[in-house]
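Following this line, the structures themselves.
Look for chain A in each of the two complexes below; its partner is chain B in the first and chain C in the second.
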Partner chain A sequence: MPFFRVIRWVAWKDLISEIRSRETISSMFFFALIVILVFSFSFSMDQSETRELIAGIIWVAFAFTGIIGLGKSFSAELQNDCLEHLQISPASKGAIYLGKLAANLLFMLIVEIILFPMFVIFFNLDVVEQLPVLLLIFALATLGLSTVGTLFSAMTVQIRAREVMLPILLLPLAVPVMIAAVEATRGALNGSPIAMYGNWLQLLAVFDVVFTVMSFWVFEWILDS
Partner chain B sequence: MINAMIKWMQRYEGWVGAGGALCLLAGLYLSLVASPPDYYQGEVVRIMYIHVPLVQTAMLAYSVLFAGSLWYLWKRDPIVDNLCHAAAGISAFLTAAGLITGSIWAKPTWNTWWTWDARLVSFAVMFLILVGYLMLRTFVDDPEREARYAAVLAIVGFVDLPIVHFSVEWWRTLHQPLSISMRGVALSGEMLRPLIVMSIGFSALFVYLLMVRTQMLYLTRLLHAKKGRLLSHAHLSDLDT
Partner chain C sequence: MIAIRGCDLGKSYGHYRVFDRLSVEVEEGQCYALFGPNGAGKTTLLRILATLSRPSTGRFEIAGHDGLTEKETVRGAMLFLAHGSYLYDELDAVENLRFALALRGLTLTDRQIKLALDRVAIGPFADLKTRYYSAGMKKRLTVAKAMLIRPKVLLLDEPYTSLDESGMRLMNQYLRDLAGEGAAVLMTTHDRVRSAEVAHRVGVLDKGRLQECSVEELKAHAIF
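Moving on to the complex of A and B:
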């Protein structure tokens, strides 16, 4: 099968099964709501403090929810031996990776787009003018989390203690993504000009390119029975 | 290939170990007794002769792990996998020791145990990646798959570290500039000499530990394989009777 058709079919398959079961997105969403709730109890939010903390809270919530979605991405393949079928399929392993990546990216972005208004409401943010740049930050940083995350999801699904190992492997590697995402989001929410935090967007773009290429290349050794 | 490598290790490990021990003894004398105290830092500077070689050797060990992982994915030599496993364990230990000695040095000089500085954070991340690597290895049942996954993780982590360093450097940094860099050496000869001797000593210690540990892991694998064969044999003969 041609390379791009494999990507499309793998992503499409994940999308269809998500539309039918609604498992991943709903569990991610409610988990994120609980994270927001816990944060609002943990810090008594005044208007002035909120501005400094909110970017970090948003990204902690997004990263934790992302881990839930990423973990489900490949553990869903365990049913009916779907994983083995992916392993023995003659399709390019890189294309399978890109298809899974596309689906994961999409799920995470959908959840983030539903969640962000909650942050705006609960923490009383003023974001209308910054929306395009915020969306760009979300897209770049979420791609960064999901490139490495998809790779490690495929790796940890085939080992013991997978729920523990995914965050343990993913979060240290995602340190640059988290720093850049938080700094850029803080800049955007404070209404600073984009020149003040543009270099963080560049860093995110570099991370995305490096790890998409690299995961694409090494995936062959992960999804190999 | 495997036998040649093991034989080579058996022949030279004693020499490397003895050489390393001599270097470390000489280096300890040079750094603790013969070298002068620092103009600004006083006697405190002497921890540098432990801290800097520890950190250098930890990075050397991770580089060996990285090169070995590439080699493993290319050639699939089980002994190279044992070598990587050994290098990762030693690197994790050296990184932890480097972080602790660094903390002890930071308290009198920076007046804090820990700070969110580029080199500190990237080193802490390196420690976490190595611990993740060692944990991952314990959770995979199939030895061939374990080796493959571990190699991929080591390579991905190695590529990540410069990006971590760079991102934290932008974020905030406090570290003193490197004393030895591409632009030359900013240390007096009296302090540089013990540092070099200690670095050689620690590197030799690393190579020695690497040789011993690789053989140990190789023998363990051999033992498991033999035990498995014996067990399946016993099982089969049970079925016969």
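Moving on to the complex of A and C:
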């Protein structure tokens, strides 16, 4: 079907461009690495204190790393006026949005998967038993950040100060995702039963669905204006 | 049948009026060359017809569809070759073409794509990332894209820019073929000689007014 073909091609185009240039992934990775190093040397923590604070540190690193990638998602389209090409293509704008979202989600998850073992090493975390639920939390929260971030990346791409405007617009709206992600991650790292933080997972899932649907519908208007 | 119809089009940026009550019609199988000094509003007019910019006043139709209310249908019928190449630097020629075709729901065979690239003399560079292409090569690649898409309406903004002599001949051959197939072509240009070879009609946009003249007048350099 053309709709799914467009999603696949847009995601493929972004991924192949990134694999070849490695501009976004490398800047995301090095930023996150610096965050981890700074926090690991700043806090001298025992195991119990670490488990209380590490969830917040993880999501600060993941969120700001993600913003770097999200910011470049649409600014890369400015080269050779490719954004115009997307605007005047007869393809469904919703499909273009979902393709961009898929690529952004994948970039962020790749960086998170590379970075999380570093958190485990630097902060001496024992996460083997909680790994499946942690991966679920990462997937849900990262989808939430990418959903809103992809939309705001498109909204701010034509603004001169887009690098500043993207976090200013994105972070307030991403607060529910950040709080839910931190609470759920803390619960998982403390080894609490999933029922103790299940509400936060539900909030993440609801946020993902609501903002994916909403962004899908408003993207055409954003791209056209 | 009229393929491009602009009625009483106007465009203003704040208090600055680019043009007002401008009407233009291009029939199927016709090539219309639009001249005018820099800043006359030629590109603005093309961008309105390409659905990239909204007119301040007036309406327009592309291939019988309203440009303001049936944007997606208009975009499917029309192809706009602008100043920007619309190419992704990290993709090669074939990948760029496949992506552009996929956005229009088209799937073509490798052979068809290779033939189009050979026609525009880009075949030997098909595997090269377009970041290494010259401006002329990029322009040729956009011609290959147009050949594969075969639009009902083609809008071109200064199509001869960056092209060498053989590239210009190639562009004109393509425009003749496309018009021969019944498509309507509207181009802005400053190249009187090249455009006179393909244009059926000529218009001059100056000081907000569109005035038509003959191809003979164009050849004789008797316009503006």
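Just so we're on the same page, the second predicted complex is superposed on the first by the 221 of 225 C-alpha atoms of A that agree within 3 Å, B and C clash if a C-alpha of one lies under 4 Å from a C-alpha of the other, contacts with A are read in each partner's own complex, and residues count from 1 in each chain.
By our rule, a residue touches a chain if its C-beta (ideal position, glycine included) is under 8 Å from a C-beta of that chain, and two chains touch if they have at least 3 such contacts.
None of these values were measured; they are calculated from a predicted model.
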Greater residue coverage of chain A in the superposed arrangement, chain B or chain C: B
Partner chain in contact with A:K13 - chain B first, chain C second, else both or neither: second
Partner chain in contact with A:S21 - chain B first, chain C second, else both or neither: second
Touching partner for A:P117 - first (chain B), second (chain C), both, neither: neither
Which of chain B and chain C A:I179 touches, first, second, both or neither: first
Touching partner for A:D81 - first (chain B), second (chain C), both, neither: second
Which superposed partner A:P2 touches (first chain B, second chain C, both, neither): second
Touched partner set for A:F207, first chain B, second chain C, both or neither: first
Common interface residues of chain A - those touching chain B in one complex and chain C in the other: 224
Contact set on chain A toward chain B in their complex: 148, 151, 155, 158-161, 165, 168-169, 172-173, 175-176, 179-180, 183, 199-200, 203, 206-207, 210-211, 214-215, 218, 221-222, 224
Residue ranges of chain A in contact with chain C within the complex: 2, 5-6, 9, 13, 16-17, 20-21, 79-82, 84-91, 96, 224
Touch list for chain B against partner chain A, complex: 73, 121, 125, 128-129, 131-132, 135-136, 139-141, 145, 148-149, 151-153, 155-157, 159-160, 163-164, 166-168, 170-171
Contact set on chain C toward chain A in their complex: 50-52, 71-73, 75-76, 78, 80, 82-91, 95, 98-100, 102-105, 129, 138
